[in-house]
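Letters A, B, C and D name the chains as they come in the text, with residue numbers starting at 1 for each one.
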């Protein structure tokens, strides 16, 4: 693992979350739990998944220091154990919020919703920037709460430049997660690759149904009886990224496309908020084309 | 309208349901409600829908006789009114159950469920036949309650013959609705056309996602977080028929394809049962590629 | 009916909604639809309900003018018809937003949500005042969008005075609906009576479970597997008002009371927003201890 | 622990599930996982819960033998470990179905549903008896599949005798779980105590709303917009037993009590089936007045 994935300072107390994955073999749980005990850490939550298809093992462990806590040994000894088992792993201090950039186009319902949840302390995020391809005047009535706002418009010819600026901001701000909160521009393959595993999009349909543009109009046209929304990790393959969360609502023949858009806003808001929450709590873990979401 | 669509004998009392559709214009509701009042019928339920896209008007009216009820005038006078407005219409006595044929392949959960609902009086159906492409021995443990069972196997070369036999049974029994209760054979275009508007299928996915074979395996492969089922009218265009009802259930990364199949059975059962119920209560009405479903 | 219940000017065009109730008898639908046709109005939506328990009939009709529209005759002739049938009735122009006062205590999630839905044009309301029993500084970060804010604190001894001030504001502003958006003060019986039928509260439990204070703590204590919220008309009988809308979310043994409060915020928001929507669209109609909610 | 709670023969291979609870302290997970590894068992599923209110720790571990599996040492060594930590624990072989008695009154929808799920291999139960307080003729059309049927009627004066007979059957058949599948007799306190932790009831309301008799009529009377069902462990305190599972469905003002009963049957069926499933998979664990339900 790179040093970057060990978030926070090992020297402080408080809850931490360890996630790991490796080729499955007997003894992983025993080794991890024994090591944490030895280091003076008490396991307060633990979830695991054996993917019998890929033969990979995934685990999420929340632990807190108790008597005899040896924080200075945490990273070296977990590193050593990880090397032994060939693990990919991360450790994060739960108290430290995840640094996020929120990207938005014209529709601001997801942006406003995430900002509200952050303001009342519901999401452990620290918004370090808002990037929009529309000027600030479009979001009149939205309180950005002092978060730096970046107007970065996109046209066919400026896309490469704009994406470079976005990536610069991601770098400079130490952003851990980019949230496409109804950002309606398609990322280039390069951009998608660079943000792999740390960029979440909300798609306004129940994927894999109604890919592409105007999904609510497609849904109306097809006459479905439920509409949905999908939060997924962004990949170069549009609308094919690993799904983190989905939800639906009932509609009827009498609903117009505008009604679907209205009902859809509610679904999009809650689906994206849940996905961001899962990410910040180290619950959503990439597994090839899919995700593992460890819930309580 | 053909005489066949006027179900039951106008001479008897009891609740009736009128459905109609025509090009929209002012005065339809006034004309219908006035006529029913004149005939001594009291409207106890009424729903309508203006399809602003197609310019068509749809209505469902439940009525019951009161003082001065003139049953002998019902059909002639509604016919005359319908002619004036260019209406397609049906009248059905609510007390008379809908004659259905249930078609099934190996998996019998929908069949068993529909039979149970019929047995306890929950569905206003009269099963006049069960058609299976497997022998009766496959359904050991299922009580057919005296309903004639027809084993009509299908192979590539016998399909045309088998479908002719099915249609013969439909004719002979006066079947009004054919329910494909997990009948896994694809109907020929001719067959689909002949049963148009009176054949309901249950598809084990949340259409339009995962068309075709093994949808639960497709869903597992794609990593969706909800699975569903879809009841639809059968058309020649496979998995594209007008949708009557859909529902979903939450799944997780830990669910195997077998778990999805198990959870899916529950969804399929209730979705198909609702669709059959809507049909028998004249609530599900074809509207081009879509359906109107008049709920309370 | 009082003149006050005929909203808007009959002289203008556009869609209108008529609601009515009376003792059930044959011919009501015929009379109403005939009268509207005569006046040059086309019925575009209609729903009805026969309450067989109380013997009362309820109807909601949306209509729009067509050729020959006689707006000046609308109110007198509907009045005359209503007198004949002993109807209670209202007519409202759909384009005219409902004048609302929003009342709030410390938790502002429902307030913020309703303001957002109003700002994007999702709810046909015109907020004419915000009343809080906490000072404006509590709602830092909420943009009141120029809506007058009234800080009206309450103590045991000042309750009567405070309620008088609230009622004065209701009067002066021509408020049609008072929304208790997590307003945590119990209204006096007199106040509840005066606002009868035009005051909606959101209760943070799935009534009738967990009445009274701290319902999420009660739910946690009891170990339920779903929590909910309930929007209801306010009556003198606390937590017993006619229910307009309810919804639930799944919880687990691992959820703390704080988790329930967080999940509950999402339910409260959408349940209250739906109830307000139903009210403004004349869909929620009082029927004794219950409501009728006419959905599409 | 008593020998009775170690189900199956330790000598055989295959998956096993260990559940345990004890006063929380650091090192439990490490000790358990280390011990299982030592014995040649690989952990394939593990869930835990720290109840911070009671200070108790709960765990469910599924494990399978690998190389070096020492089955003869399993029970003695887990016993020793359990003694050290003061654990209550059970081990069950997953392949061995749970022996159940199904009790039923007049309404047989839950009984029929459970039998179907058992027949298709969906539930890992072995029904060893059906007990009814109505004669077999009431269940005409239900195939008991050779399961012994016991008609044990109850009157006020025979209740004690009847319950003795039920307990005798429980004993003789080695029944592990008694399922009250809409058994409408109230168990005596003594009976409830004797079956504590191994008797599940389905209540036809969303508890704690609508306790007692005729809950669907109560729900109709109150005008709720959702109805539900609740599966719970039976205790002497009627309708207050620890809740295992709940679910709801939407209703409207137009639904009669009979409609609620019909819709309720669907909810009852799936809620009870899930609860039985959780029990047989050692997922539902008593925790005072509540349950822990370990889902994937």
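Operating definition for what follows: a contact is a pair of C-beta atoms (placed from the backbone, for glycine too) under 8 Å apart; a residue touches a chain by one contact, two chains touch by 3 or more.
In this text, all values refer to a predicted model and were calculated from it rather than measured experimentally.
Identification of common neighbours of chain C and chain D yields A, B. Among the remaining chains, those touching chain A and also chain B are C, D.
Each chain's centre was taken as the mean of its CA atoms, and the one lying most distant from chain B is A.
Interface comparison, B-D versus A-D: the pair with the greater number of contacting C-beta pairs is A-D.
Averaged Cα coordinates give chain A a centre that lies 37 Å from the centre of chain D. Along chain D, residues 252, 254, 295 each make contact with two or more other chains.
Of all the residues in chain A, the ones that touch chain B in their complex are 49, 206-210, 221-226, 228, 242-248, 252-254, 256, 287, 289-293, 295.
Note for the complex: chain B touches chain C at residues 26-27, 29-30, 33-34, 36-37, 41-48, 50, 66-67, 295. Note for the complex: chain B touches chain D at residues 109, 112, 116, 119-120, 122, 141-143, 145, 252, 254-255, 262, 265-266, 270, 295-296.
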